[in-house]
């Protein structure tokens, strides 16, 4: 084999982070261009992988192996299949857009970019590593920088402690960025603890010889063990995928995080959770999957409807988007829980579509906030006259979010619906469809209130600029991808199908 | 009671008494003087243990150098503050209790193990032995010690430098 | 390509989308205004010419599909086209109206700034593409995709003047209401796929013909599909969005909310008629709701003073006619009415647009005597009105009669009576508009439009489409008055005179009331009493929706939002707060004083040694 | 006199030094206590060394004394610094690490 493309893709952002830390002191241009080059390398690698991935052969491809701790069976083993291929592509797109979207970061830009790129290395690593130990290392790398990124560059919201348990909110400091950062990190670390326990349990049960996913896949685990390990994985990864009732870190975290971090976190990191549940939880534990899908699906339904209703009740723009993520991640989990080809394809496609869409949303919200310094939906109004570009992009994002055809959101939801009705629990279809309808209510309400309604009287919002320069690049990339994959879903479904069908065969679903 | 035993008891009483003086007196300056006495007593103990060189070092460096430095520091700081330094004690009972317990357990432990009662003769004069050991086996720590002293000297003068 | 017609069908669909892409992607062109309009019109013209050629040349159904959504077995869903008798004639209608409306808009929107015009034509092209894609859709997935896209275009075009709060609100309302129906359609499609394993119309038809489709559960599926159609085609109670949709520019109302998009629901049911035939219960529901809608909307139309809202309610009413015919089991009659209605309703809307453009108001009570000022407009509007009223020799005569015949033949006496009353009311309210606006005394008015010059006939770009549609309407009327098409049902001999008589009755009543003033309008209003009050308020359907939205949905959302913040997150925060308090309590032992730390250290050593005392 | 006597003496001196460290309020006083404790350790080292006829302990004592000198010098300079910044020599008043 030639170039270790997966490694290059994974470590290119890390390398640029090192360069930035070494040379970037008070050289903002260098910082940005280095970051751009690093992510562009990843993007090129991801595209190369996409083009060269052999759909006909399916399964894992582009293997790279390098023993790390041979005595414990820890190997630096990388490979991707269709599902991770798409996730890798998503990550590359989002971070590329994210680098453009944070072009205007002013405080401590050097550290900001370095941490962002470090985080991306972690995300890439999770998607490409087959060794559970390495997977977990990358997972932690992906989670931890978030604390600093939110705590330092975040913005404090306008939630004030009050009402029931008000004393508790006052005590924990709800509404501040530090609170959000702490909550997110602690929650995700709690999840990591569950994941670690599950991984070690499987490792030991399989004879303590290998952490490799492929080796573990070949082992038939005891059903009782499978049962609780699956729950551990489900909760552990599920926290990152914002399953009810472990989702409350998401609105606070996403609302407080700076633009690029929200984009990356809601766009990609939440998918790590769903990816983990599907790849590790379902992939390694077929019996437990059959046993627990009812729970996964039921909670996903709660997520969908509950998230949508919560989003409807919000007055803060970022919270709306964050809750819509909770709702949409429900679609992902629901699709996975259907254990049908369509549902699974829909789930993975939704991971991709929602990643792009939410990345777009947060990029735009960031722009609006940067220009108007407000996130209060019902204070703003009539922005379409002043920022038509942002308005149009936001509307497209919103339409994709409510599942309008010709955007990626529709394909994902449609496939999931088909899967839901074909699954063992066909009633899942109805909450899912209702959720999609509720989405149209709150999304259009927000879109109208901010952009298309009459102009606000507030003197702050009289003269606002449209997006400019690099901001356009981020928007255009994301909108383009969203529409491209909505019009030609086969681009994504073909590789996805190559990975979901084998998985479902293992699960006995096909 | 041999002369050795008598000397030991006298030295012990001197050492313990002066040590108590260090920790109990209300006057900081007196404390330092009691310490000088205690260090000298320690030098006596060293002498009893045939370590004449160490006794000399003890008196020169410790009783001479350290005490001087401490006195100097006290004088300087009192000048800085402009008042006498208070030298009171706190939590005497708890501290005394813990110290007494500590002592009790130490003595109890000592009493339960078998310790040599007679001295093994040294190969030659201890001072010579020390010199040889320092220059051969312990040459590296010795040199590092020199560096340490230099560094601490610089550090001390840096920390105590006059205010800008 | 299997058939020489293939590229033509493709051209019909792809010409508008090319225009749209050009306008969407090339921003300078879009902002240039008129050139953008020309691009769009060229696209529509290409589509129209191709549609004519397809219609002329088609002898057998033509289907081509390409994989869109792949799955393990090849294709889950595909895109392509199915050109048959129904879709080709529908293509003709859509491209014709689309082209004429786009030409008309040139004049109508002449005051709009250039970027606005570019945006408008981009939307128009997108709409044309979506609607044509819907018409030729060979399967339900493509149909649904285009279905949603036309809904999107409707949303965008209603909200075209988005700075007007009412327009922005109406746009969202239209989207929400149709989306509610679409939820049903989507569920129906999903269920049908599970039920039959295909989305494809042709395959479905084969299955149905072969008796391979189970009846169990089919009623639910057809009902769900009907929900979608009801939303799109403004059937009670989902009709509320259509009158509000008149906030959009009038040509848009003509194209989308009269001739094409709103008929998509009817078209869907026509396409799926073979399936609906298996579920007579649902058909009965369709008929009753259709008839009820027709009657209710006709009553509502009588109580409106806004010319466009009158037309909007009349559209709702006519859609009810079509639905009733389908419900009676004779989809062809409904489809026929769809086609003629598309032509003359577009004509009426464009005529109304010319009036509004000249007068600057929508209020018919503030018009009057326009016949002298705008004779051409008067003539074409009259043609449209007569067609709508269903008088012989005019466009709507035969189709309306066919609908009535179909309903009668279907044995549905109740709906038949409803429709007959609605026909009377239709003639009445349309002539009310005609008499109030074009005849009668000229009201003194300060024109809000164009700075006080007197209203006059529209420029050529607007009158050309008007005349074209009026002629088409007349041609259809004359042709079909003398050439009865073959139908699957028998029209009783008394029907044509009865229908004509009822319509004439309506005309006469309107004449007496509003022209001769022999019957006082107030007295008439008094006589109908509470019904009229109710009609003026739209039978409170709007209020009911608002109540459901505000009182139930938003309340539920608030409750959930509260629960999320104060219970789900609250419990979490209580646990955290306890942890923090515990830490607070414990931190007292950290005095920061070095002596205390040494003390603790010594005590610790003592404790450890005490613990290990046995070992030492 | 056996080794026991010397070790006991050292233990007593060490405990007294410990007492001083634990109870003195003045930083210089604490330093003096530490000196006592170090002295006790030195006695132990020398005593073991002598009773085993092995010189290493004495060498270590030499080192310990030297290091003690350095420690005293640094400790006192820190005390002076403390005076400068906090105007106090009371360890009681130095509680930046208070929780």
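All chains are identified by letter, namely A, B, C and D, in their written order; residue positions are counted from 1 within each chain.
The criterion applied here is as follows: a residue touches a chain if its C-beta (ideal position, glycine included) is under 8 Å from a C-beta of that chain, and two chains touch if they have at least 3 such contacts.
Predicted model only: the values in this text are computed from it and were never measured.
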Exercise. Cut chain B out of the contact graph: what components remain?
Worked result: one piece
Exercise. Chains shared as neighbours by chain A and chain C?
Worked result: none
For this session: Write down the chain pair with more C-beta contact pairs when C-D is set against B-C.
Result: C-D
Problem set entry | Nearest-to-centre chain - CA centroid comparison | A
Exercise. Cα centroid separation between chain C and chain D, in whole Å?
Worked result: 92
Exercise. Using the average of all C-alpha atoms in each chain as its centre, how far is it in Å between chain A and chain D?
Worked result: 59
For this session: List the centre-to-centre spacing of chain B and chain C in whole Å, with centres computed as mean CA coordinates.
Result: 99
For this session: Would you mind pulling out the distance in Å between where the CA atoms of chain B average out and where those of chain D do?
Result: 7
Seminar exercise, completed: Multi-chain contacts in chain B, i.e. residues touching at least two other chains, fall at 90-91, 94-95, 98-99, 102
Exercise. Can you list the residues of chain C that touch 2 or more other chains?
Worked result: 595, 599, 602
Problem set entry | Chains grouped in pairs wherever the two touch, ordered by label | A-C, B-C, B-D, C-D
For this session: Give every residue of chain C touching chain D within the complex, in rising order.
Result: 586-595, 598-599, 602
Exercise. Mind pulling up the chain D residues that touch chain B in the complex?
Worked result: 1-9, 11-20, 22-26, 28-29, 31-33, 35-36, 39, 42-43, 46-47, 49-56, 58-59, 61-63, 65-74, 76-81, 83-84, 87, 89-90, 92
Seminar exercise, completed: In the complex, chain A touches chain C at residues 159, 163-165, 167-169, 171-172, 174, 183, 244-245, 248, 306, 309-310, 312-314, 341-342, 345, 382, 384-385, 399, 402, 404-406, 410-411, 414-415, 417-418, 420-422, 426, 429-430, 433-434, 436-438, 440-442, 444-445, 448, 452-455, 489-490, 493-494, 497, 501, 510
Exercise. Inside the complex, what are the residues of chain B that reach chain D?
Worked result: 4-5, 8, 12, 15-16, 19-20, 22-23, 28, 31-32, 35, 38-39, 42, 45-46, 48-51, 53-54, 57-58, 61-62, 65-66, 69-70, 73-74, 76-77, 80-81, 85-92, 94-96, 98-100, 102-103, 106-107, 110-111, 115-123, 126, 129-130, 133-134, 137-138, 141-142, 145, 148-149, 152-153, 155-157, 159-160, 163
Seminar exercise, completed: In their shared complex, chain C is touched by residues of chain B numbered 90-91, 94-95, 98-99, 101-102, 105, 108-109, 112-113
